[in-house]
Every structure is written in C-alpha cells, then in structure tokens.
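We call the chains A, B and C, going by the order they appear; numbering starts again at 1 in every chain.
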Amino acid sequence: MSELGEAFAAAWALIAGVEPGLTGIVLLSLQVSLSAVLIASAIALPLGAAIAVGRFPGRQALIVLLNALMGLPPVVVGLLVYLLLSRAGPMGSLGILFTPTAMVVAQTVLVIPIIAALSRQVIEDAWREYDEQLRSLGASRPSAALTLIWDTRFSLVTIVLAGFGRAAAEVGAVMIVGGNIDGVTRVMTTAIALETSKGDLPLALGLGIVLLTLVLLLNALAALIRELATRRYG
Amino acid sequence: MNRFRRVLLSLVFVLSVTGVQAQQTFITVASTTSTEQSGLFKHLLPVFEKKTGIQVRVVALGTGQALDMARRGDADVVFVHDPAAEEKFVAEGFGLRRQEVMYNDFVLVGPKSDPARILGSRDIVDAYKKIAAAGAPFASRGDKSGTHAAELRLWKTAGVDPQTGKGGWYRETGSGMGPTLNTASAMNAYAFTDRGTWLSFKNRGDLVIVVEGDQRLFNQYGVMLVNPSKHPHVKREQGQAFVDWLVSPEGQATIASYKIGPDQLFFPNTKR
Amino acid sequence: MLPLELRDLRFSAGGHPIIRGISARIEAGPRSIILGANGAGKSVLMRLCHGLLTPSGGEVIWHGAKGGDLRRRQAMVFQRPVMLRRSALANVIYGLKLAGHSSRECELRAQDVLEVVGLAQQASRPARVLSGGEQQRLALARAWALGPDVLFLDEPTANLDPAATHEIESLINMIHAAGTKIIMTTHNLGQARRLGDEVLFIDRGLLREQSPIERFFSQPASSEAETFIRGELP
C-alpha cells in the first residue's frame, strides 16, 4: 500500500513540478498518438464505411480479418514496421527508423483495424435504417457511405477515442521502432517501461497515473461534446 | 465541410511538427541497457553535444540485439560489452576498428538469507557451483545480451549446465537487466548483473551483493563505427567524432567523473 | 413517365413468394390507393415499382420515360421517416443536392417547400428532435422538393395521431393538385375513401381488383375485398 502512496506522491510531484523533461515526453506522446489516430481515421473510417455499404465477394472474410486484426499484438506491428523501415529493409532509404514518424507509422497500423472494424459495425447498423431512404433519394453507394459517416459521427468519435486509447497505451511497437531515445522518441509508455527496468516503481506508476489522467481528461471532454451534440441533434 | 478542412489543417500541423525534429545533426548509437540505465549517457552526452553540436541518439538494447541492429545498418556507432561478439562483428566486416573504452565489473546479487551460503565469497565460479548444488533460485537474463553471455561463460567454467535447472531453480526472464533484477527481487533469487545497473537500481527488496571482486567478473566495454562500406548512409564523420571523443583524455575523464553517491561506476581504460 | 405497367410481377424472399404475379396498368392522374391487409404485399409491391427491390420475375415498365432519369422523376415517403442528423432545411437540401441542383437553387427551393409544409419556423432545428408529425411533413417536403412526376407513399400516417394525419392528408391532396401522381398504400379504409380515386386491392400477393373508389366500396369484385371492407380480416 505504501508503494501506491509513493506512486501518487510521485505523480503529483511530476504534475506539480512540471519538469521540462516530462512535458516533452507528454507532448510527444500526445503528438505521436494523435497523429496516428488522425491518419488512421482518415483511412479507416472510409474503409469501414465502404465495407459496411459495399457488396463484393470476400466481404465477410474481410470483416472477420479486420475483427481479428483488432487483437494484433503491438510488438508484432513494431517488428513488422521495424523490418520495413530498417536500413536493410524495403523502405530503409527513408531513414525514419528511430524517429517519431516511425512511431506514428506503427501506431497507425495498429489503430486502423480497430477504427475500421468498429466503424464498419456502427455504419452498417445505420445503413440498415437509412438504406431505402438514401437509395430512394438517388444516393450512390459511395455517397451513401459519406452520408453515413457524417450521420454516425457521434458514435464514431467514441471509436476514434478507443483507437487513441490503444495508441497512447501501447508500448511494444513504439519501443521497437522508436528506440526509446531520450528527448527524441521517449514517450509516456516507454518512459514507464524504462523506470520499471530501473526498479523505480513509484516513479513508473506515477508516470502511469499521469498518462491515465490525460486519457481520462480527453475522454471526458469527448463525452461532454457527444452529450451536448446528441442533445442538440437527436 | 469547414470542419473537415479544420481537421485536415490540424493533421498537417501535427505532422509538420513531427517532421521538424529530424533536422538537427545527429548520430544513432546502438548501446546496452547497462550504460543507459546506469545513467552514464545522461552524464556523458551533454558534454559531447555541447562541444560538437552533434546530437547522440542512444537506442539501448542487449549487446546481441544492438549488434544485430547495427548489422542491419540502423546505427552509426556501436557501444557494447561483449568483446568476443564485438570481434566477430568486426571480422564480418560490419564494424571498423574496435576500441576499448572503459570497464566496470559484474557482481552477483542475492537475497540476504543467502540459501547457497556464498555471501562474501570472492570466487564466482565456486559460488555458481554452490547455487546449482543448493538448487537456489537464479534469475538469468536469457536474452543474448553481453551480461547474459558473460553469465553463460561462467557457468561453463563452473562445469554446470544451467539448462538442467530450467523450469526449476534456473529462471530465464528473457528481458533486460532491470526487469531481471525486478524478478530476482520479487522471488528472492540470485542474479548476475553489471555493477552500474545495480547501483542505479532502486527496487532492491532483500537483495544485496553477495559476490564481487573476482578477476573473472571484469566487464570490458568497446566502441566502434559501423562500416560505411557496408552501409553507405552511416554518418562516418560524426560517428567517428563520437568514438574519438570517448577515447580522448576529455572523454575518459568525463567517464571517470560519473558517480552515484560515493561509487564510481565505470573505469576508463582505453589503450592509446 | 406514366403510365406504369406491371407485367406478371413476382417477388419472393428466401423462397417464400410475396408477390405472386401481378399485372396492372396505372395511369397518370388519379390518386391510386394500394389497399390490403397487413402482410398482403403492399409495401413490397410499392418498392418493386419504385425500384428499391428487384423483381424475381416479370417487369416494371414506365411507358412515358425517356432516357435514364427514371429515379429522378419519382420519390417516396416511408412509413417511418428517416431523418438525417442535420437541420430540417439541410435534410431537404440533401435530396436536392443528390438530384444535381446547384447550391443556391437547393437553398431557395428547400426554403420554399418548408414554407409550404408549415415548417419554415423549424428550418434550422435538427430534424431528429422534431415531433413525429413534423418529421413526416419534412419527409414529404424532402420528396416533393425534387419535383417528382410520381410520389409513392407507404403508409405515411400509420404512426401518427389524427391531427398529424389530417395535416399529411391535406398536403398529399395539395401535392396531387399541383400535378404529381400519387400512389399510396394504406390498410385504413377511411383514409382510402378520403384520399383515393382508384383502388388496387391486394390480397396474399395477388391483385384482386383495380377499380374506381366508389365502385370498390359499393360493389367489390371479389369476396376477399368484401370481407376486407366489412372489417372481417381473413
């Protein structure tokens, strides 16, 4: 129990002290995970919508695949992206291994199946309701897909946040492709892993509490927006 | 549609910020968890960066992994502690001239209760034999790191095959030094560690140093530039500057000045 | 566009026949009421005519149609209005945009029709927070704004209270008076009498008779129709 107490004290000291090192780590975490989630959303939402309203051979198999990929272990993603971006790999000439960009790539890959699979479900449910009306108005399938994305936007925000949670919380992928370089690619989760390695459990847990607080704040904000919007738009 | 535009703009912004950081001159150094976690780099690098303006990005892994990473061309400099593996790395043509930088030593840590009755011994091989004979729990890195390689060499000298105790008293954690020490601390096991990591390790529980001071616990660190003829993108000039600085009188003095409390962690010993 | 001819139209779902061979000719002009008990196949017949369902057999032929703008010249109002999560005005504009009108034209026309259906005050309110009656009026406005030759209405008042029903019926008459062909399903005899000029009586997937409204009620041609009128559902 005393360790938990120390952890909270450490968390408080971290937040209250506003160490420049910590601020950098927190900002980088946010920057990397937000970038990843934005890019992933730009790809996965249209993808989810396309699968939801599309009728093509192999659709069911694709849905099963996407659902399965939601459980993709971050370490595996990290390893794949590492091999891809490594100098000896096919995209090595980009020279972006061990940079925040590489971390964004890894987290994007990790998050795309989550956003695509969950948004596919939500949009397909909405499609059942809208199908005849939209077709009656003469909407093509691509145009119906865009309409559905916009009309399910409040549910999609929750899905995107789930993606963000996954990105911000994972350590396996960013550790491998980022390298946990101090001041360059060290983010909250890799810092936690490092402090754990050094046996400084209270500090590690303290960092964890800071991370949790951030994610919590972001979710609370989104919930608030959603609540207000739902009340307004029905 | 305005909202879409705003999202796009913020996307571009976030990405551009991400891109900016890659501008500065930097080199990537593949090194070991022992140097990173002991805090040595935090002490060394600001001095070097201030002098040369070259940022040093350290990726800390086990020695085996660090060398593999350099083999793939993902590092400019390797700074590790497994002389045999380093010589092989150079012989394969992946590294240029290997230079010795510093040493520290390994220590055997274990619970105060000392089930193998080896506390205070200066004979590491004898201690290993007793641990095996007593079947006392022993936490091994099991990750092909420099420390793991050193540990395995000692088992061989002791004439014990630790694999026979696998699943019983011999427990491979398959992770870095820190996690392995955490494991040892949690189950009161013996563990073989470099002194630097041990000194900076906080979650000791009942663990204390049980064996130290044996000649065979000597732990030599070496540094080398990754061969630019194998990997043309290696930053030869800047990487060499870092290697040269480490073995220069200034670099050596900076290494010697790193202490945790009264203890000096690394002892410069380059042969110039 | 009209007349509309159905030739031995058939539709089955999951091997179960729902429309079992209907041939009919629906002329321009009169308000046509498709009448029948629940489950008789009225809604399916209407969806086949509108093109939302593909017939299993037979043909739907629009004799007056030129070129490929069949869909643009007809519109449909459903039993449950499907409102997009946007303002009432934007719902009308949505349909107009799909029909290829310019932004400015959409705006003006949408405002006009909202005025006509009595929703001008609600134009900027989210469609989903309107009452059931208002939503159905909005659905009517959205369909009518397209300026269709034919307006299909599938039980448009089944979920409404008498006052709202009355409003909808007046609007239907007004739309008809303005020159749009009305084809409407209902199981409500009173509504058929109030709105209909001719009746197509459907029973278990078959067209039992097509006759002017007066004759249908005074001299039903089939015993099924007689039973239905007497209120004794078979």
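Just so it is clear, contacts are C-beta pairs under 8 Å (C-beta built on N, C-alpha and C of every residue); 3 or more make two chains touch, one makes a residue touch a chain.
On a predicted model such as this, the values are computed, not experimentally measured, just so you know.
Asks: Indicate the lowest number of steps between chain A and chain B, counting one step per move to a touching chain.
Replies: The distance in steps between these two chains is 1.
Asks: Which one chain sits nearest the middle, judging by mean Cα positions?
Replies: Central by C-alpha mean position: chain A.
Asks: Among all chains, whose Cα centre is located farthest from the one for chain A?
Replies: C
Asks: Taking the mean of the C-alpha atoms as each chain's centre, how many Å separate chain A from chain B?
Replies: Roughly 32 Å, centre to centre.
Asks: State, to the nearest whole Å, the distance from the C-alpha centre of chain A to the C-alpha centre of chain C.
Replies: Whole-Å distance between the two chain centres: 46.
Asks: What's the distance between the Cα centroids of chain B and chain C, rounded to whole Å?
Replies: Those two chain centres are 77 Å apart.
Asks: Any chance you could list the residues of chain C touching two or more other chains?
Replies: none
Asks: Among all residues of chain B, which ones touch two or more of the remaining chains?
Replies: In chain B, no residue touches two or more other chains.
Asks: Under the definition above, what is the set of chain C residues touching chain A in their complex?
Replies: On the chain C side, the touching residues are 47, 50, 52, 71-72, 75-76, 78, 82-86, 94-95, 98-99, 126-129, 142, 146.
Asks: With touch defined as at the start, can you tell me which chain A residues reach chain B in the complex?
Replies: 31-32, 34-35, 38-39, 42, 86-89, 92-93, 95-101, 104, 179-182, 184-185, 194, 196-201
Asks: Could you pull out which chain A residues touch chain C in their complex?
Replies: Interface residues on the chain A side: 129-130, 132-139, 143, 147, 150-151, 153-154, 232-234.
Asks: Along chain B, where are the residues that touch chain A in the complex?
Replies: Residue list for chain B touching chain A: 7, 10-11, 14-15, 17-19, 21-22, 26, 28, 33, 37, 41-42, 55, 57-60, 71-74, 176-179, 181-182, 185, 200-204, 231, 233.
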